[in-house]
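Next come two complexes, and both contain chain A; in the first it sits with chain B, in the second with chain C.
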Partner chain A sequence: MNLLDQFFILIAVALLSITVLRNFRINDKMAPLWYGLMVVMLVRMAAVAYDGATLTSAFNIEILGFNMHWQFNALSWFFAIITVVAALASAIFMSGDWGRQYRELYEGQGGNYGLLQLALILNVASMLLLLASGDLLSLFIGWEFVSWASFLMMVLMPSKTAKKAAVKYVVYAMFGAMALLAALAIIYSNSVSFSGSLEFEQITQVFAGMDKGPQFSLALLFFIAFAIKMGLLPFHLWQAVAYAETPGPGAAFLGAISSRMGLFAMIIVIIQFIGLGHLQGMSIGLPFINMQTLLAWIAALTTIIPTYIALQQHDAKRLLAWHGVGQGGYMLLGLIMFDSIGSAGGLMHVLNHASYQAALFLTVVAVVYRTGTSDLNKLGGLVTQMPLSFLVMLIGIIGLAGLPPMNGFVSKWMVYRSLLLNGEPLLFVAAVLGTLGTILSVYKLIHNTFLGQLRVEHQNIREVPWSMMVPMLGLSAIVFITGFMPGLILPWIASVQETIGLPVIIHHLGGIEYAKGGLDMIWVSGILFYGFGVGALIFYFLGSKAKRVHQYDNYAGGHFLSADVKYHYSNNFYPGLMHLIGDWYRGSFKWMEQVIVSALSFVSKLFENMYRSRQPVMLLVIVVVVALFSIYKNTAGVSS
Partner chain B sequence: MNGLHILSELLLMPLIAFVVGLMMVLMMRKISARIQRRIGPPFFQPIYDIVKLYGKDTQISHGLIHDIGIIMAVGGYIGAEILLPVPGMEGIADKGGIITLSYFLMIPSLGMALGVGQCANPNGSIGISRALTSMLAYDVPFIIVVFGAAWHYQSTSLVGMIEYQQMNSWGIVEMPFLATAGLFALQGMLGKQPFEIYIAPAEIATGPMVEMSGKYMGGLFVMQTFQLYTAGVLYASLFLGGGESWLSLLPKAFLVVAIPMSIAFMFPRYKTEDVIRILWKWPVMLALIGLAFIL
Partner chain C sequence: MKKELLIKEKQAKRTNPLAHVFDDFIDFCQSKSLFMLHYCTGCGAIELPPAMTSRFDMERLGIQPMVTPRQADILLVTGYVSVKTLKRVILTYEQMQAPKYVIGICSCTVNGGMYWQSYATAKKLNDYMPVDVYIAGCMPRPEAVLEGLQRLKENIKNDRKQQKGSAWKEYFANYDTYLGNQQHLFGDDWQTPVDIIAEAKLYGLEGEGTYGKNTEKLAKVQQPLLPQEMKL
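Our next item is the complex of A and B:
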């Protein structure tokens, strides 16, 4: 029994324990422990991450001549460690005071704390199963489990919006699963040797033996399946609302890693097994537009459009969830460049995004815990009441915006560098446009929540308890440390690149080595903090000591400010920008979605009416027409 | 590169930037005075101003983040100066490169935005909203220019770019369109007329600076000196061949900064949305034409 088998047994025991004990208080103490043990197990498996070895599980199933098997390589390990650490943070967060409040508020009204704990472990277990898949069939099974586990988590908030969003998600997910199944069927029936195998290697072989047309449709089916999970354009509509309406820590977990399962599958199928050669071979219309360019542009548009949708949100959770959709674009944009720096940036962004996104979500949930709202027009000035939460959010937004010295900068820098090296000016501008929109939007987030005027009703709230603070601080420590020393995780990235057959990045503790312009974050962060140090010296040692004044002691053009004057500037934060680009938000994708929904419901109504109608004559006529047509067709074939 | 050299770079680069920046402030005031047929301030006026601001008795703070905002604004620029290679001091600067520097330059803005936010004055917040919108406006042409330069010199290291220009010919000769677009973006970046709505004294109580007094204002003054210096030297390094020595670098830097200043005092200002409209149209178009020539 190797380490992977032990890992699976641990997951199974954890699943069993949480299923049985979920309604008892003891589970609150035990659940984080299980995730902690999973982290320990993954650390013990670290050889996979550093040496690029593969662990194959002894557990496998023979069905109809297929051998379904599970394995762990550097890629699986990389995604698994992110999943488990995100789950650990969420589990600690929800197991203390947050859980108590959730029980008090929602238990019996559609919320169920035990089910929430169960949903988390189910999500983790199914994701790990997916990450360990060794062939297309086990991938498909893991895929289905992940979809339904997320659905379970999304319906645990007693609001209509949440239920609606969850159902919308599941419809999308089923459509994606059908696409994946169809792709599998094509692979199976086109196996070159007709051995009917569903090993990953079959993808390459089947592709090589196909014409352009079928190749394109097969790639499209795979793309639809994975893009839906990842929320790539044009399938981005389901994700933000569904994640935002998930109960707090659940949203942090889903937002951090769940949708990256789509990226994981995309890396295996599109990057590793279809490969650059085939992608470039599939030209679409004009000779210079091939599948690689198309995917790169989908990724670029995914960074821009959802980011600017996020800019318009006035609910903190939705704002973050929309950014989650947008950041997925950077990951694909880096990977699709197929070079060492770009793909490393894309892969690293998965980890970086998970860390700051979870931290940000948890901060917003902490604010909701104290104030009861995440509406950005009803908050403000909380920095004096919740200073540590402010710090976590500050670190998180610097990461999300991709500014030095946090980890988001490192991965985005690599993506930019790769676009520069590949001579892609328009994609480069698109990526930067996404970043600039993010800066605007995250400033609005932190300003409207923590800065500005403190409302009267919030004057007595305090910082959140330590059970919630510890995971938040831990995550922000990851954001900072992996930004300061990206070399801590770059070896994992290098093994992943080796595993999936991409050029391997040359790295050191501070960043990456590259002849004409590398990056050394230890120096960069050092210089920045040196600058801050000098700035602090100038500020504190020059000039007389500053006097703190109350926030009402303010310039107000001759008016007196008092508690009942609401002067926090929050609504429609960027009017100048919206005057110009406001008209560009046309909701075209929403409109398209509605068109498809109405068309489908029309067709379904039509069929429903048909088999429910009590007019046998009409049914008879239809049967006769169909029968005559088929006879005519068959005889026509014979006579000619 | 030994320890002493590193130490001297860490200390001298910001110090030189500060002194040169002060002279650029003086130049700016002289230019505006000459355009308006005044004499203008005496040579040491910028220093008097800073001493006055830091020496004030009443210093009003609106909380810790207000202080930290000023520290970030000044400190971010001090860091940026060290990443900007100048003659004789390019050891540490080589660790960063143009992309890192471009993002470093956003940190002071973020710091200032945080500080202003803590002041809880809506006039300040509106100013920040406008300032960030302007950043979105001028950074788009700026980033195309950066891309073009990095592609043309096949390097993201500013040291490498300067070397290339000193061996071949200056960037402005080889990429005239990009250089013009860069100058256009510079006007927005420095917040000079017609793109200065977010700090204009006549608009909503001076916007971001509304709650800044004493050494807080002094911090922003120091930030402005750094900003002018950075703009001049960065542009000179990208397009004017940097400098073999300080004697050749400084005139270029002063010249670069003098151009937007001379233009500025002849213009009124645009509304925020018009700032975006103009900066996304003309310099972007110029920059894209420039890119088409070099790609």
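Our next item is the complex of A and C:
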């Protein structure tokens, strides 16, 4: 029994324990322990991440002549550690006072705290199962588990929007799963090169033996399946609302890692097994665009459009959830470049995004815990009441905006660098445009929540308890440390690159070495802090003293400020920018979605009406006519 | 109404032979980098855009606009100050950090100008806050505005030698008088969130004129606005 088997047994025991004990208080204390143990197990498996070894589980199933097996390689380990740490943070967060409040507010109205715990462990277990999949069949089964587990988590908020978003998600997810199944069917039915197993290598083989047309449809089916989970354009509509309406820590977990399962599958199928050669060989009818360019542009538009939708949101959770969609674009954009630096940036962004997204979501949930709202127009000035949460959010938004010294900078820098070195200036501009939108909207987030005028009704609130503060601080520490010393995680990235057959990055503690200019974050952050340090030295050593004033002792054109004067400018943020770009928000994708929905419902109504027609005899007549026609046609074919 | 400055100057023996060089250097630097908050109360404001923009280009003198009093050095009051406006001007002035300078533009700030007979207009700005430079005229042309600003710069540069650029110290040293004039106009419950006496102590500028019957009146009605605590 190797480490992977032990890991699966641990997951099974944890799942069983939480299922049985979920409605008892003891589970609150035990659930974080299970995730902690999983982290320990993953650390024990670290050889996978550093040496690029593969652990194969002894457990396998034989179905219809196909062998389903599970294995862990560097790629699986990389995604697994992110998943488990995100789950650990969420579990600690919800184990204390947050869980108590959730029980008080929502139990009996559709919310169920025990079910939330169960949903979390189900998500973790199914995601780990997916990550460990060793062939296409186990990938498909893991995929289905992940879809339904996410659905379970999304319906735990007693609001109509949550239910609606969850149902929308599950419709999308089923469409994706069907696309995946269809892709499997194409591989299975490809009699020329199909060798009787559904190992991943089959994809490469089948591709090699296919014409361009079927190749394209197979790649498209895989892409649809994974893009839906990832929220790539044009399948981005389901994700943000569904994640934002999930109960607090659940939203943090889903936003951090859940949709990256799509990226994981995409890395295996499209990057590892279809590969650059096939992608470039597949033309889509236009002379200068091949499949690689197309995917790159889909990724680039995914960074831009959802990010600018985020800019318009006035609900903190939705704003963050839309960024979750947008940042996925950077990951694919880096990976699709197929070089060492870009793919390292794309992979690293998975971890970086998970860390700051979870931290930011938890901060917003902490604010909701104290104030009861995440509406950005109803908050403000909380920095004096919740200074540590402010710090966490500050670190998080610096990471999300991709500014040094946080980790988001490192991965985004690598992606930019790769785009420039590969001669893709337009994609580079697109990526920078996405970052611009990110910076604008995260400023809106922190300004409307923590800065500005403190509302009268919030004057007595306090910082959140430590059970919530500890995971937030821990995550922000990860954001900073992996930004300051990216070399801590770059070995994992290098093993992943080796595993999936991409050029491997040369790294050191501070960053990367690259012939055309590397990056050393220790220097970058050092110089940044040096700048602040010089300022601080001048200020404090020349005898200056900071003076703290009340927020009403403030300049508002000479106005005497008081609690009844609202001077916090939060509604209709960026009116100048919106004046310029506001007309471009036309909701075309929403319109497209509605068109498809109404077309489908029209067709279904048509069939329903036919089935329920007044004269059931008509159905019989139709069936008989069709049957006669087909008999006639077939016999005609035989006789002639 | 020239008052003697009652300032406890720290007359410590300066042993450093280069002390006055440093002092001159600091004065020089201060005079070359001035941020200006223009509180546009009246028609004189119309002369500022040409003074600031390319034709007369105030920035070549090292003077440029600033949006908040906290970072501003100069308060420019351009035109008549009605009683209602004066409250705001005083609040803005008190929110500025020392050293701070006031320039009154237009005749209205000097003596009320054409609003001399108005019941609602404060006639002399320097009854309510110490004014460094007046630029008379109705309205003064941009050249005159620049001339006044140049004069202010000279004063700042020669501050230590001639005690010319220190009008702001007077506000702390003779706070009682200024407060009395303000109370006369606005009533006895007049106050701003800024604690001037504490600031006078901070700058070491409190003198006999800082306290008096007016500050006692203020102490009775004052509702201090304490800074918000960071709570964990």
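The definition used in the following text is that the second predicted complex is superposed on the first by the 608 of 640 C-alpha atoms of A that agree within 3 Å, B and C clash if a C-alpha of one lies under 4 Å from a C-alpha of the other, contacts with A are read in each partner's own complex, and residues count from 1 in each chain.
Here, a contact is a pair of C-beta atoms (placed from the backbone, for glycine too) under 8 Å apart; a residue touches a chain by one contact, two chains touch by 3 or more.
What you are looking at is a predicted structure, and each value in this text was computed from that prediction instead of being measured.
Superposition of the two structures on chain A leads chain B and chain C into a clash. When the shared chain is aligned, no partner comes close enough to touch A:160: not chain B, not chain C.
In the superposition on chain A, A:580 makes contact with chain B only, not with chain C.
Of the two partners chain B and chain C, it is B that touches the larger number of chain A residues.
When the two structures are aligned on the shared chain, A:443 is found in touch with chain B, with no touch to chain C. In the superposed model, A:388 makes contact with chain C only, not with chain B. Of the two partner chains placed by superposition, A:612 touches none, neither chain B nor chain C. Once the two complexes are laid over each other on the shared chain, residue contacts for A:425 go to chain B alone; chain C is not touched. By the touch criterion defined above, A:462 reaches chain C but does not reach chain B. In the superposition on chain A, A:569 contacts chain B only, with no contact to chain C. After overlaying the two complexes on the shared chain, residue contacts for A:555 are found with chain B and with chain C alike.
The residues of chain A shared by its contacts with chain B and with chain C are 384, 387, 454, 545, 548-549, 551, 553, 555, 557. Those residues of chain B whose C-beta lies close enough to touch chain A in the complex are 10, 14, 53-65, 67, 70-80, 82-83, 92, 95-100, 103-104, 106-107, 110, 113-114, 117-123, 125-126, 128-130, 132-133, 135-136, 139-140, 143-144, 147-148, 150-151, 154-157, 160, 205, 210-211, 214-216, 218-219, 222, 271-273, 275-277, 291, 295.
Contact residues of chain A toward chain B in the complex are 381, 383-384, 387, 390, 394, 398, 401-404, 409, 413, 416-417, 420, 423, 425, 428-429, 432-433, 436-437, 439-440, 443, 446-447, 450-454, 516-520, 523-524, 527-528, 530-536, 538-539, 542-549, 551, 553-557, 567-569, 573-577, 579-580. If you check the complex, the residues on chain C that touch chain A are 39, 68-70, 85, 87-89, 91-92, 95, 192-194, 202, 225-232. Chain A meets chain C in the complex at residues 384-385, 387-388, 454, 462-463, 545, 548-553, 555, 557-560.
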